[in-house]
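In what comes next, chain A is part of two complexes: it sits with chain B in the first one and with chain C in the second one.
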Partner chain A sequence: MNITKIVMSSAGGALTATISCPTTPQSVVGVVFRYNSDQSFDKKMGLFKTDSPDINLGSPIENDGKLFMIQGTVINFNDDPPSPYKVVVDISQNGNVLSTEVPSDGGSGKIGDKDIAFAYNFSLQNQ
Partner chain B sequence: MSAIDLTQNITLILSVSVAGERLVALVKTIVPWLNKPTDPITPTDDDTEKYRKIALMVIAFLCCWLTAYLLPVKPEFTSTPLLGLLASGGSAFWTSLLGYTKAVSEIKVQNVIQEKVNSQLKLHAFESIKFENRINLALRRIENLTPPKFNQQHNIKNIII
Partner chain C sequence: MMKNINLLGILLFVLTWQNARSQDSTKIKNILNQVNYGVPASPAFELLPNKPSEVTHLASVHDISASINNFVDGGKLKSGAAFDIRPFAYAAGSLKHYQKSGLSRVLWRSVFSLGTASESKNSSDVYIGAGLRIPIIDKSDPRSHADYVSNLEAAYYKAYNDLKNPPFGQTAAEHQKTVDEFAKSQDIKKLRDDFAKQYWNAFRWDVGIGASNRAASGFLKTDSLFKDRIGLWTAFGLPIPKGQLTISANTAWIKAKADTGETNRNVFGARARFFVASWLSASGEYAKIHSLRNTVSYNESWDHLAIVVEFKIPKLGGWFGLAYGGDSAHRTDTGTKFSFNYAIYTDNLIKN
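After this line comes the complex of A and B, so read on.
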């Protein structure tokens, strides 16, 4: 899987990951994991769902060089025929969006009567 | 009384009324005095017209009663004299009866619409609960998810419901 490199400002304030389906009506739930630069597991950052899509990632200092993995699922509405969905992951620092991306792994497509999993990897680095 | 019974009873009264009217027409042909209303332009002091109308009403009632009496199957909802009385009611009776049946059918339509709305509301509530439960179940599973190795393909079995 691809790893999106996101550059942040060391003095830019707290980082937030927002996972949502802004253009489609589906609900998403999932989790954000943090890993050290050697890819060992570090911390579970939190769970997200449609009514609470924001995950606080912490300060730039503690996240410098860290890797993140977002795993989630799009909840189906039993749509027949399947309807399109698009998951968008926003990484922002102090309200300023650093990155907006649709996960390449399951982040968009059509959903019918089966939930669809998606994953998104990224790393954070100071300028 | 159901709407179907009501319709059947009204049809019966209508049939008796129409048949009774034919009998009245026959009597009026035999007795010409009954068939000649007084000239409304020429004022008269006598009660001839009043008596003629009363006589016609009585004859209409008797004709309808006779018709009801001659019915091969007796109605369950009323007695023969009352059926004759109802059938001899004429247009005034029919107007009110039509209004009543219209109101009954409107109530029936309203009930059907209300039942449909209630069913949709119940279904919607059920679907909402079901959907919320699925989200909560997914969250519980994700909460218990063992952190995978970084950059590993997501473990679909652990997440998908």
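After this line comes the complex of A and C, so read on.
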């Protein structure tokens, strides 16, 4: 299991996760979950879609040591031939981007007439 | 209602018995498929002597280099290789940009194809074809309908909202099962079905261009490559009540192998298809074909006509089709003529 470790500033302000497809006209919808460091479930942080890609994760204090899992769907439009897609996950703090990544688990590839699932895990830790 | 349909079908069956020429659906299929009224999905393959059986769909231009190995072996072209790709896909931008920009939509929809084929198993020559298909306008493109995309996303959003807390670290493959269940939900299926029903015959304009060369003995050397043909296609799809009208034109320039060989073929035609009811479909088409040769006296032209009506008759085990059409007589086929045909078959032949 891949977990991207993201270091934040304890005094840097609120954190935001942005999930989008900026380079290809694809539609993504999904959810962000938060877990405690022992992987027990903590909270559903919010849902995202094309016109509302940002999820507010809260302050550094409440997120220190927490784990996050993003689950999403790239919606199919019956493309023939299949079309490329690339999901980008940005984690930012007070507007400053801390991490930009294409999820390695289903975050890029081809989509035809079947929806595609993707997943991305990360942790937040204070400096 | 079904009783009337049955009676109508049996009546037509009896009426056409005397003059009909075939009880085999192959004849009707041939009449319907003889002329292609759209732009080929892959213009490159249309110009090859045989269409590739398997096409690799590439996602990015970086994949091309890996795919080239399928085409060349020891400096010689291999037969039967094919790929297609959306070459400008990454220039299309985000979905929001796509919905606003006509250029973005054209770039995204364009598909480049490349393929190879031999004329026969015994021939060592390999043909290589390349082509580009450009759907310039496509009102049936679901992405371009912001309301539809928004409603579809809202349905998935609701499904995610109802999703119970999964264990941490669930993989995409594991999550795929949930996503597949979302897709089966009534809300999502209804949105997709309603869209397809409303826009299947919406206006569209496609253009295609392709060219092919013959590589003598498969060698990829300048002195072994010979021009074979160039093709141009254009087609308009227009909505009509309960149906679709397609108007198309295509031309192919051909490197003639003999003085009497064909150098140019032009086809202009139109086809209307009607889906009157779930049990009744009809298709009417007409095309004019001109075949030009090096020797002018060998030039020829002919008409293609097809009128097909098919009825679903459960008691007969499927569909009853009645067709009139074929090609008019011409120099290279003096015996051909329009004829009546009928057949009973399992699956409908007229499809939207």
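One rule holds for everything that comes next: the second predicted complex is superposed on the first by the 127 of 127 C-alpha atoms of A that agree within 3 Å, B and C clash if a C-alpha of one lies under 4 Å from a C-alpha of the other, contacts with A are read in each partner's own complex, and residues count from 1 in each chain.
Here, contacts are C-beta pairs under 8 Å (C-beta built on N, C-alpha and C of every residue); 3 or more make two chains touch, one makes a residue touch a chain.
Only a predicted model underlies this, so the values are computations on that prediction, with no experimental measurement involved.
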Next item on the list: Superpose on chain A as described above, then tell me if chain B and chain C fit or clash.
Entry: clash
Next item on the list: Considering only the touch criterion stated at the top, classify A:T24 as touching first (chain B), second (chain C), both, or neither.
Entry: second
Margin query: Of the two partners chain B and chain C, which one touches more residues belonging to chain A?
Written below: C
Next item on the list: Check the residue A:P81 against both partner chains and state whether it touches chain B (first), chain C (second), both, or neither.
Entry: second
Next item on the list: Report for A:I6: first if it touches chain B alone, second if chain C alone, otherwise both or neither.
Entry: neither
Notebook entry, point to check: Where does A:A14 make contact in the superposed view: on chain B (first), on chain C (second), on both, or on neither?
Noted result: neither
Note to self: Out of 60-68, 96-104, 114-122 or 168-176, where does chain C collide with chain B after the chain A superposition?
What the structure shows: 168-176
Notebook entry, point to check: Where on chain A do chain B and chain C both make contact?
Noted result: 1, 3, 27, 29-31, 33, 35, 39, 41, 44, 47, 49-50, 67, 69, 71, 73, 75, 77, 105-106, 114-119, 121
Note to self: Taking the touch rule as given, give the residues of chain B at its contact with chain A in the complex, in rising order.
What the structure shows: 131, 134-135, 138-139, 142-143, 145, 147-151, 153-156, 159-161
Checklist line | chain A residues within the chain B interface of the complex | finding: 1, 3, 27, 29-31, 33, 35, 39, 41, 44, 47, 49-50, 67, 69, 71-73, 75, 77, 105-106, 114-119, 121
Margin query: Which stretch or stretches of chain A touch chain C in the complex?
Written below: 1, 3, 20-27, 29-31, 33, 35, 39, 41, 44, 47, 49-51, 67, 69, 71, 73, 75, 77-78, 80-84, 103, 105-106, 109-110, 112, 114-119, 121
Check: Can you name the residues of chain C that touch chain A in the complex?
Finding: 41, 55, 57, 59-60, 84-86, 89-90, 92-99, 104, 108, 111, 141-143, 149-150, 152-154, 156-157, 160-161, 163, 165-173, 175-176, 178-180, 182-183
